[in-house]
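Shared between the two complexes below is chain A, which has chain B as its partner in the first and chain C in the second.
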Partner chain A sequence: MKEDIRQISLLDWDKNYARLKRAGLKDPFYGGLLSRHVKEGDLRLLRLKFDNSPEALNLWNFLLTEEERLKAARQNGKKIVGTMKDLGTVPVLAYAFSNVVAFYPDGAWWIPCIMELSAGLLSIADSIGINDSFCPVRAMLGAFISGAHFPIPDLLICSTGATCDDFSAIAQRLSGLGYPIHWWEIPHRHPPDLGESGVPLPGGFQTSPALVDHVKSELEGIKISLEALTQETLDEKKLLASIEVSNRIRKYLNELRRLTFTANLCPLPALELLIAEMLAIHFCSDREETMHVLEGLLYRVRKRIATETGFFNRDAVRIFWVNPVADLSVMNLLEDCGGRICGTEYLFTHALDEIPTDSPPIEALAKMALADPMVGSASDRAKRICRDMRSFGSEAMIISKIPGASHCALEGSIIAEKIRRDLNLPVLEIEVPPVCDSIRTSLRTRLSALIEIVKQRRKN
Partner chain B sequence: MNPLKRVVYSCPYIPAEWIAAHGFKPSRIFPGVKKRIRPINSAAGICPYLRAFLNEVKAEKDVAAVLFTTVCDQMRRAPEIIGSETPLPLFLMHVPSTWKTVEARKLYLSQLRRLGFFLIRLGGAPPSRETLCQAMNTYDKQRNVLRDAKGWVHSRAFSEAIVRFHRTGEVVQNTEKLDEYNNKVPIALIGGPLTSQDLSLFDVIQDAGGNVVLDGTETGERTMPRKFHRQQTHEDPLLELTDAYFGYIPDAFRRPNSELYVWMKREFQANHVKGVILIRNVWCDIWHAEVARIREWIRIPLLDIDLNGENPVSRNKTRIRSFLELL
Partner chain C sequence: MIFAGIDSGSRAIKVILIDEERRILGSGIMDQGVRQAALASQLLKQTVKQIGAIQEEIASILATGYGRDALEFADETVTEITCHAQGVLNQIPQARTIIDIGGEDSKLIRLDADGRVRDFMMNDRCAAGTGRFLEVVSRQLEIDIQNLGNNAHLANKPAVISSMCVVFAETEILGLLASGESTENIIAGVQMSIASRIASMAGRQITEPVILTGGVALISGMAQVLEKTIGHQITVAENPQMTGAMGAAILASHQEE
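Let's turn to the complex of A and B:
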């Protein structure tokens, strides 16, 4: 029987859920009605459109129950480690310990969107001098001060150096409020110097051995902090095991992305794929379940491709999206305007690449950390985007600027220029605040204009 | 190698002595206001100081190279912005934000060595220990002359002397008679870098009844390295350079930035500061995030001023007057 593939509203999900339950749907431990999250304050769900598959339901429930899992972990005596900014490296190290759960407090940047500003996190940040000239990740400060969203971690680990200023400043403000932070330095990635043999990194970059050695030392320092916290010694075997699990997750994600971006008909909408990609960073505080969720999505996507079913029209314009959006509804908006996502760079492509297994594990993680696209030049980042756009057949690029983010002011033009020059493809820069309702019309106009340009170019 | 060729930069963590020891003239430039439109125009999110610096670089003559550091996100990307606009060799040095660990110092030292290799490729000479010692002694002596001038010259003249010294390596003795400032309110400036037009704020402060007794902006005395230890300079000059610069200069971008607060406490007390004016560039998150914390911490009145690349007097005159009236 052909699958009934649709994007549905939250209210439709309640009916859909009832139908699936009657048909024998077995909920995971975090499963249930999606609408229950609205009662908990996640008001934005009322405005979003969702993939109507049971695998997508699991994905959303998994994401929206992370706070419960963290609280349960605290109650069960696990050590909670808040890893900040590095987006993908330190959790691999942290999860090698048997009694640790790691998560990114940075993820609080979406709370103002999901709760439609009702949680007051941005107001709290305003009250301590971090106003809206800063990136929406300032919501993290509000989350710490209110204590209402996640348990205060037992250890905070934050990368600094070649990182964006606003996050660094916000983290320093957090430290100034009395939350001690283990800072570690990620140096600006530069190519090997003249006469120096380069170290190849995941993602195709090369760098100096001195930088790899430095990051190795920093990760050793983090390992010592984690050992002191957990009273557990970490050996190579445990770390290799953790890397293996991470790599399995990354393999699933890469396959999911490849299938979704290259399919003739879109098998997974942009919003669900965005959430799925985010799982790579810290596994939503449960690595095993992350694998199950991704396996489910892969199954669904493969089935849709095999039966040539999917979302939107075949002529939906293939868009490469750069930077995550502060307001999730914009991903729906793109699709409403006639686009589909065929390529992404959400600031953490290094967390999607497989961690090298031909190096000692700490060295492998050091290489991975240095492969972070934000740690090197914007030109490097643009090169990788170009490569991916060719590979996925993207027809245009959208750079979604994050309001207040220090890197967005300058790098957008560098990336856009490279795409225009090397690929001769149109590029659109937009800025997406945490709640974009007031500018939705103008965003729609601009997205629609881009779609029209691409369609006209196809004819020409 | 032309010894008159200048190597220009703006970051205080680049030791002038290191550049001089390689046979170049170090020139930490102080941007003016240029009418140029390229390489970057005024735009939301772009630091006005960065804009001024890049425009200044384009206007400079007899320049062998331009050095940048990673102390802020915008400067980190600056070489890419200006790269297509200038034939000058550009170098980006990573200055670690962390400073407490041995690893941080090792990284800084390795970056200094990298800079050295860059200067050699430009035609510079690999410095011997003696050459570096000599450069360090010369600069140290000049800085001591400069420090001794504090309190004897007008506060604006002192800050201008610092700027001139960074640009040229020379200290010009000021023969202007110092007016009495006993009845002026002692004010500290703290914050990011200034451009030449921002120095007019000193006059505004004076006219309003204040006297800048401490210039803690990036272009002022805060970012001078400490005095070199003679024995250490002789034994290991590069390590001494590292300690005096990287190990000493406090700044908001450091992680943690506790040393900045230690410096402020010490210097505010030593200079009997009664009011603080924090001067930051618009879009500078690093200093902006410190405003509330410094205000909570210092327990003396603080005025927060942002610079947008335009003349700062008209925007801030009334605020400075009101602030000083309160004091």
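Let's turn to the complex of A and C:
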């Protein structure tokens, strides 16, 4: 029997949940009704449309219960480490320690969306001088000051240098407020000098050996900080084991992406895939459970493909999406307008590439960190996007600019130009604030117009 | 067979009825209001009646414009970007760039050599660069909007409107009036300010022929100011306010095919 695949509202999920429970659904420890999160303030959920599978329910519940897990970790005597900005490198190092839970405070940038600004995090940031000329990740400051969204970490680690200027300024403000940070420097990635033999990096880049050495020494410094925090010595064996687990997660995610992007019928909506992809950088404070959640999604996606079932029409326009959106409802909107996601670049492709296993582990992590799309040039980023768009058969690209993010001002036009020139595909640039209701009509017009352009091209 | 195109814009609703040969059978226009669907339906009925037809003779209705989704009686909805392109190409098949300045937004639409929409840019976050700016000035200077262009022609030195926001520009205009600046120079300055906004949205991405559509194209002198600002010759579409509705009617006839 074919699965009844639908995107459903939050209220429909409650009915669906009751039906699934009667049919014998076994909840994980974080499971339950999705609507309970609304009572805790996650108002935006009422406006989203969700995949109706039990595996998608697990994904959402896993995401929305992170705070509870962090609090439980603290109660159980675990050390909590906030890994900021590097988007995926330091968590691999942190999870190599037996008594550490790492999380991603930058993830607070979605709280204003999920809670529809009710938590007032952006206002708190405003009040300390970090106003809307900065990226919405400034909500993190509000989360630290209010103490309402995650326990204050025992250690904060933040990369700076060739990263987002906004984030460095925001983290610097946090440090000034009395939250000590272990800073580490990630240099701008450049190709090897003339006559110098290059070091191959994940993602197909090459760089100078001096840069790899520099990042290695920075990561050694982080290792020392973590050892001091945990009173545990980190040997190569433990780090290799951590890399192996992370690589398994990356394999799952890459398979999930490949299957979703290339299937004839879309087997997983954009919103769920976005949330799943984000697990690559923060593991939602539980790396083991991340694997279970992804295994579940992979099972569901494979099953849908095997039974030729999926979402949307077969002629849904295949969109490559660049940068994460501050308002999650826009992913639903794209699908309402006749699009589907066929390729993504959410600023952390380095956290999806497998970490090299042919180098000593710290060196392997250094190589991974240097493959960060934000660490290299915008044209490097554009090249990779171009390659991925070709392989996934994307028909158009949407660049979602992050309001206030300094890097978005220039990189968008470089990426757009490359795609227009090399692939002759249409590109749409939009800017999405944390709650986009006031510009929803306009966004709908833009997205629909892009879909119409592609459909017109198909005819010709 | 009759095909209907309805452009439910932010300031006005426009209806065009065509036959299979794309001949215009009738057209109508009315101010936009709160009950968008009822108003559009009323205008459609009026227009149908004017040509001596009945509603049942309409084979297909296609709605466009920002209020298109409210028109549940339409058979299909298509964005104004596609409709303006279709409407312009019907008049000028070799068109490569369309500048559409409406009541609440402005758009730059680029077409490829085959007449397909290549890409587009939109300004709808700010009233500067839209017809709204002219409405504000018209009210402020107590000059009918239709006569703004005639007044602008009399300007000897267009005033510099430096504010990038209509709200602040209003204050700036008050200051100019207080300092004795002529209304003609102020209007010419506002036209230049709108043109500058369009030019900055377009950048260097303009290929001729450039066609101007939308209600603002009806303001005398606007095309000339825009021409001077962007450095390209501009042709004003015939009946520019109706271009979107015409495109919608043509696309409605395609739906039937």
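Following the convention adopted for this analysis, the second predicted complex is superposed on the first by the 460 of 460 C-alpha atoms of A that agree within 3 Å, B and C clash if a C-alpha of one lies under 4 Å from a C-alpha of the other, contacts with A are read in each partner's own complex, and residues count from 1 in each chain.
Rule of thumb we're sticking to: contacts are C-beta pairs under 8 Å (C-beta built on N, C-alpha and C of every residue); 3 or more make two chains touch, one makes a residue touch a chain.
Values in this document were obtained by computation on a predicted structure and should not be read as measured data.
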item	value
Clash-or-fit label for the pair chain B, chain C on chain A	fit
First (chain B), second (chain C), both or neither touched by A:Leu425	neither
Partner chain in contact with A:Leu240 - chain B first, chain C second, else both or neither	neither
Chain B versus chain C as contact partner of A:Phe134, first or second or both or neither	first
Chain B versus chain C as contact partner of A:Ala72, first or second or both or neither	neither
Contacts of A:Leu43 with chain B and chain C, given as first, second, both or neither	neither
Partner chain(s) touched by A:Gly161 [first = chain B, second = chain C, both, neither]	first
Partner chain(s) touched by A:Ile8 [first = chain B, second = chain C, both, neither]	neither
Geometry of the superposed three-chain model: angle at chain A (Cα centres of chain B and chain C, steps of 10 degrees)	80
Chain touching more of chain A, residue-wise (chain B, chain C)	B
Least Cα gap, in Å, left between chain B and chain C after the two complexes are fitted on chain A	8
Chain A-touching residues of chain C, taken from the complex the two chains share	66, 69, 78-82, 105, 114, 116-120, 122, 124-125
Sites on chain B touched by chain A in the complex	43-46, 70, 72-74, 76-77, 80-81, 92, 94, 96-98, 101, 103-104, 106-107, 110, 114, 117, 121, 253, 255-257, 283-286, 288-293, 295
Interface residues, chain A side, partner chain C - complex	420, 426-428, 439, 441-442, 444-446, 448-449, 452-453, 456-457, 460
Chain B-touching residues of chain A, taken from the complex the two chains share	128-130, 133-134, 158, 160-162, 164-166, 168-173, 175-176, 181, 183-185, 187-188, 190, 193-194, 210, 214, 217-218, 221, 377-379, 404, 406-411, 414
